[in-house]
Amino acid sequence: MSSADLMGEGLNLMLFGMGFVFVFLTMLVIVTSFMSRIVQATQPEQPQTTGGNNMPATPITGAADPASDPVLLGIIGDAIKQHRIKQGRS
Amino acid sequence: MDKLLSLWYGSGIYNLTFGQTTMIVIGFLLLYLAIRRNFEPLLLVPIGFGGIVANIPEAGLAYSAVEQMANMASNAQLAELASVLGAPVESAKQLITAYHNAPSAVQAAAEHLAADSGYNNGMLYQFYNVAIASGVAPLVIFMGVGAMTDFGPLLANPKTLFLGAAAQFGIFTTVIGALALTSFGLMDFSVAQAAAIGIIGGADGPTAIYVSSMLAPELLGAIAVAAYSYMALVPLIQPPIMRALTTEQERQIEMSQLRPVSQREKIIFPLVLLVLVALLLPDAAPLLGMFCFGNLMRECGVVDRLSDTAQNALINTVTIFLGLSVGSKLVADKFLQAETLGILALGIVAFCVGTAAGVLMAKLLNRFSSTPINPLIGSAGVSAVPMAARVSNKVGLEANPHNFLLMHAMGPNVAGVIGSAVAAGVMIKYVTGG
Amino acid sequence: MDKLLSLWYGSGIYNLTFGQTTMIVIGFLLLYLAIRRNFEPLLLVPIGFGGIVANIPEAGLAYSAVEQMANMASNAQLAELASVLGAPVESAKQLITAYHNAPSAVQAAAEHLAADSGYNNGMLYQFYNVAIASGVAPLVIFMGVGAMTDFGPLLANPKTLFLGAAAQFGIFTTVIGALALTSFGLMDFSVAQAAAIGIIGGADGPTAIYVSSMLAPELLGAIAVAAYSYMALVPLIQPPIMRALTTEQERQIEMSQLRPVSQREKIIFPLVLLVLVALLLPDAAPLLGMFCFGNLMRECGVVDRLSDTAQNALINTVTIFLGLSVGSKLVADKFLQAETLGILALGIVAFCVGTAAGVLMAKLLNRFSSTPINPLIGSAGVSAVPMAARVSNKVGLEANPHNFLLMHAMGPNVAGVIGSAVAAGVMIKYVTGG
Amino acid sequence: MSSADLMGEGLNLMLFGMGFVFVFLTMLVIVTSFMSRIVQATQPEQPQTTGGNNMPATPITGAADPASDPVLLGIIGDAIKQHRIKQGRS
Amino acid sequence: MDKLLSLWYGSGIYNLTFGQTTMIVIGFLLLYLAIRRNFEPLLLVPIGFGGIVANIPEAGLAYSAVEQMANMASNAQLAELASVLGAPVESAKQLITAYHNAPSAVQAAAEHLAADSGYNNGMLYQFYNVAIASGVAPLVIFMGVGAMTDFGPLLANPKTLFLGAAAQFGIFTTVIGALALTSFGLMDFSVAQAAAIGIIGGADGPTAIYVSSMLAPELLGAIAVAAYSYMALVPLIQPPIMRALTTEQERQIEMSQLRPVSQREKIIFPLVLLVLVALLLPDAAPLLGMFCFGNLMRECGVVDRLSDTAQNALINTVTIFLGLSVGSKLVADKFLQAETLGILALGIVAFCVGTAAGVLMAKLLNRFSSTPINPLIGSAGVSAVPMAARVSNKVGLEANPHNFLLMHAMGPNVAGVIGSAVAAGVMIKYVTGG
Amino acid sequence: MSSADLMGEGLNLMLFGMGFVFVFLTMLVIVTSFMSRIVQATQPEQPQTTGGNNMPATPITGAADPASDPVLLGIIGDAIKQHRIKQGRS
């Protein structure tokens, strides 16, 4: 490839590339704004949520563990107890 | 006595080459920067360590079985290998080149021969194949990053997407720079290689690794090292540029508080993004698809145990092996090339241009919009999450001690991740699909 | 300009087919059901997302390299592929069929050709191969499920195993139903396909995926979607049947409190089950072996760190990739077949028959036994843990507000898991080993 | 395969299948009951355990971490401390 | 009726051989030792369970597709297999041997034939290939072990490295023992097999598995079982030897408190070790490299999330599959050999000699050094971390109730891990690189 | 291989092996002691650290989660709260 060709390729790539990036993100701006407006219109007084941590007790498959929460609590509870004992000592 | 000598002839110190020594020193330098200077340690610790291990003489941990055979076999074995590859035996290097260029059925035959001759793939080579050559590791990391990303600030102010778009200018300028170096006869980069180098300007590690593993795997080591090093240097690189391109008054602009964003918007956004990708740029579908998937798991609120694993055990595991795999590309004979210097030089240009473009775009937007944007958040469009947003905040505080720009800068910051992935898709399409 | 056109010709919107559009809509529907209606979200979020991504036009994420070559290559390349496969070039579809039917050495040659021509396996196709075609993902999930399962209620009242046995009637009725549809010329299912469809009645996701990946991988998408959807619908499907088959008096039966079960019994039970599997039905050994292993890790008390990983990081990771892999089977040309409607129709029959059989078996047991069983717990024998047990509890409370059946229903519920796995082993043996 | 043959196959499969499922689970009932009786006979007054969480300090291989517990405790302790500080603030 | 008979002919109980019965009993014995006697349960639970599952008749879970074909195919298929392998059909065993000895291209052809004939690799065989034959699992475990190891005590008293060196005497004595048995015609071990057996004396599970997977995979089952069993027996094996070789006075020696070690020393130590390995013994680079990498992640303080995953989710996951994979080597026809008895006998000798050598070396060091060492910590040099260090502490307390040797014994204990890995490197070099 | 040869190989392996192990670990003793002395000389009064748990907020890639700490704290906090409620009940 001649050096002029090479530079031509580069300019081409820049033109298409930046052009496409702007087209894409412009459309994203439009669609996102539109989406936000619709969502806000359809649920006017939903309390604002600050994250998605309402973990449901859904099992991963056709078999679950109703005991997993207490187990976790037990472990953390034990850890805290030991921690206090240790702090008490030192 | 023979055995004793063989131990000595097989020792590292007897076989150490100058290149290996250099690369081991570079590996230690990366570890120093990561551990003492806090340069993106999560990646640079594994990369630096992998780089050292890859250059242990005689261990061949970064080489495939065939490469090891070419480097170490007896003449009789070499002749056999050459006959399988249909190449003359002139040097190990030539045999290896012939192997890489051979049709895949011939490669398979050479691999069978190497296995029968007792050579195995090196440990790092295996990691590289499973983690990077398959494309899986960068995608899984992108999924985890998606699960860690909060699009709230972006959704509150979607205009900041334009800042993320402008900053991609650094990518394409670098491509032209690489091709210019080639035109002037200083370097010898193909269009594919130039595109892979350009992506350093995306300031996004997994995107850079993904693109260069597809377009220019031979440059992957240098590109990854440049990308992560300059990302760590963002607090040094950006402020002078930001100050030079803005007036004191502009830097003092206070932005109105971001509106609250509902969970429903956050759930729908990754799906909107996915649909746009599907309709406009299928080549970005793997990267942005996994990113959207991670973000959907985060926000939908019903698969928190999956999201939690994606953000922790899974991304950590993959990061370890990705880093070691990148390290395998730091073997002396692949890294110590003039091209590496070119890549390092071009990378810094990419960051500077991207930063400048982001700031200037913010100033441009201010001309057309009533709600003003502090141009300092434009620089955050290069990605380098969350470092670049912190830099915007810090420079803003210097001009106006009551002006907290951090949350405002998170918008262009995550927009930069999307922008780079889109740019990556265009370049992959242009180079391979053209 | 050529490049610009190529970008347009390569865009999704230019290439979108009606089938792909439909499947993308179905993917969004699955996401809606998972996120808003809480339909087994841990699986249906990844499956739905995978289904959307699989149908992105031109991306080919669900296809192997050879399939992509057949779909997209130039005529010259197609001729080459056809000569490797020894098939005439008439359509992409025929080449793909020829590839699937070719001996594996020819398949390997075609894969070499596709690689040399620049085609790669799609991302989801890779996930499917590693996770499902190898059989590993369902087995690892079964191990995790074993580590989450408490056999205490079952051990306290082993008679409830019969309820888990009876509910498998749904499986075999469905097999007959599928073959009847074929006899009447409405569908065209082979015995292997009918067996795979029947397993939907097992109401157990990983078992269904494991069996259909072995017996009818072409139907896996529809079978998995049906299995998880109907499992989520258990609270709607079961109560009317339960009420229709029982009298008010039967529903009011109170059951005596379960005896405490010692840890030693819980440790020995998975080993007893393993020995029975080993002696009677080796074909169920992978599924039930991993299940027993997970349960042994849980109960033995000395490997809690392994059990913990099996229940969390490991099962979550595998679930993500299993879901995306199942999604890869939702590509339009594989899913949009008349058979899919048949599968969906048969699946609901399977659940109904299984529910009824469980309830009737409980009534039968009451004739022969002194300690009465509330027949409402019979419906829990279909598996769908723990949803079906909760349904038993809820319907029981309607009839008698002081009657808590939940723990009693957990016995038949986990018995249903064992029963389905045994049924799966019999069908695999019958179809492949016959 | 003729349609009668097909239905025959189906009936066969149902017969064998359900038969085998019942045989298998019946044997499991018998063996399990037998096992339970033996276990209960041999350990008459063992206190009932409610789960298997007596985690031993066994290392995973020939190298272990005597410090891992304190580390975990430290992390949880810190987390709790920060949590309290945060609560105090808000 | 045919189908019913085929179910019976295919059942486990009809096909159970004496060898399989024996191995299943041995599997239960291992589970008993692990669960009730706390014998290294994290490994012996998966190994024992894997051993049982591997011996389920007709399931063939531990066999490759080709081995299953050789064992179960019709005469016509066997003839075809024989012609591919270029061997006469005389027995399944001979065909399998021919397969193992064939060049890898022929092996690939046999695998294609087996796939086309409907045979698949067994589940445990797949696990073995991915986890052990690739070498990955022991390396990842070594990384996790490195991340769990505190080199503080060793750095405070580096002299204790000599104790770790001396204890390796057990390894090489065992090698000679194995060769002596061969010389006397009692057994038939090659030098490679003798070296693999010797490594049992290293008292380090992953090292033993790594070395034997490279030098003598056919003995891996027996070696792993011996290594873990004797490690669990350390509290029984060591004390008599320790008491016999020391006087009451020596056992009462109190050691001065260890100096505090700075974090910087702890960070530099794994790098120093890595450089020494690189310069002196490249063949130990994979094992010790991963070990040093894990330790660096632990100590450097900037990648704690990676270190945490390496110590938990990752090592646990790999341990599960490593254990099951080792279990696959407990199939009757591979394990029930006279050699296994020889290995078990030699293993116990290895532990005894290593213990004695460590103690004697401590006494020797006391002759040349002013600061005295309690010779009881010498026995900790065999590795078996942290069991051996606890034994030193316990025996020390018997002689002097105020003498806490635990921290002092941790030095030689982790030194033993390094020593064994170095010995492993020498043996691999000697046997393969000779 | 003759039996004498075999034993010769074994002795050879022992000689080289133990020799190399001692050479290697001796060098490690020397280099480590040297390293420790240098480190102690160059940082004379650094306060002794007891582990490497100063977890920084570094992101894993070019995208991070400023919210992860609060989330973790929230989860642990909730767990503790539930634990106390449970303890209060029982």
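Note that the chains take the letters A, B, C, D, E and F in the order they are written out, and that residue 1 is the start of every chain.
Just so we're on the same page, contacts are C-beta pairs under 8 Å (C-beta built on N, C-alpha and C of every residue); 3 or more make two chains touch, one makes a residue touch a chain.
Just so you know, these numbers come straight off a predicted model, no measurement behind them.
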{"item": "Interface residue identity across copies subunit C, subunit E - same or different by half", "value": "different"}
{"item": "Taking each chain's C-alpha mean as its centre, the one farthest from subunit F", "value": "C"}
{"item": "Between subunit D and subunit C, distance of the C-alpha-averaged centres to the nearest whole Å", "value": "21"}
{"item": "Inter-centroid spacing, subunit C versus subunit B (mean Cα positions, whole Å)", "value": "38"}
{"item": "Interchain centroid distance [CA atoms averaged], subunit A/subunit F, Å", "value": "32"}
{"item": "Computed distance of Cα centres, subunit E from subunit A, in Å", "value": "42"}
{"item": "Shared-contact residues (touching 2 or more other chains) in subunit D", "value": "16, 20, 53, 56, 58, 60, 67, 76, 80"}
{"item": "Contacts with 2+ other chains: residues of subunit C", "value": "3, 7, 38, 41-42, 280-281, 300-302, 305, 312-313, 316, 319, 426, 430"}
{"item": "Of subunit C, residues touching subunit B in the complex", "value": "3, 6-7, 10-13, 16, 24, 28, 31, 34-35, 38, 41-42, 45-46, 49, 52-53, 56-59, 61, 109, 111-112, 115-116, 118, 120, 123, 126, 312-313, 316-317, 319-320, 324"}
{"item": "Sites on subunit E touched by subunit F in the complex", "value": "155, 158-159, 161-162, 164-165, 168-169, 171-173, 175-176, 178-180, 182-184, 191, 194-195, 260-269, 272-273, 276, 280-281, 298-302, 304-305, 415, 418-419, 422-423, 426-427, 430"}
{"item": "Of all residues in subunit C, those that touch subunit E in their complex", "value": "103-105, 108, 134-136, 139, 143, 267, 271, 274-275, 277-283, 285-286, 289, 292-293, 296-297, 300-303, 305-306, 308-310, 312-314, 426, 429-430, 432-434"}
{"item": "Sites on subunit F touched by subunit E in the complex", "value": "3-4, 6-7, 9-11, 13-14, 16-18, 20-29, 31-33, 35-36, 39-40, 43, 46, 48-49, 52-56, 58, 60"}
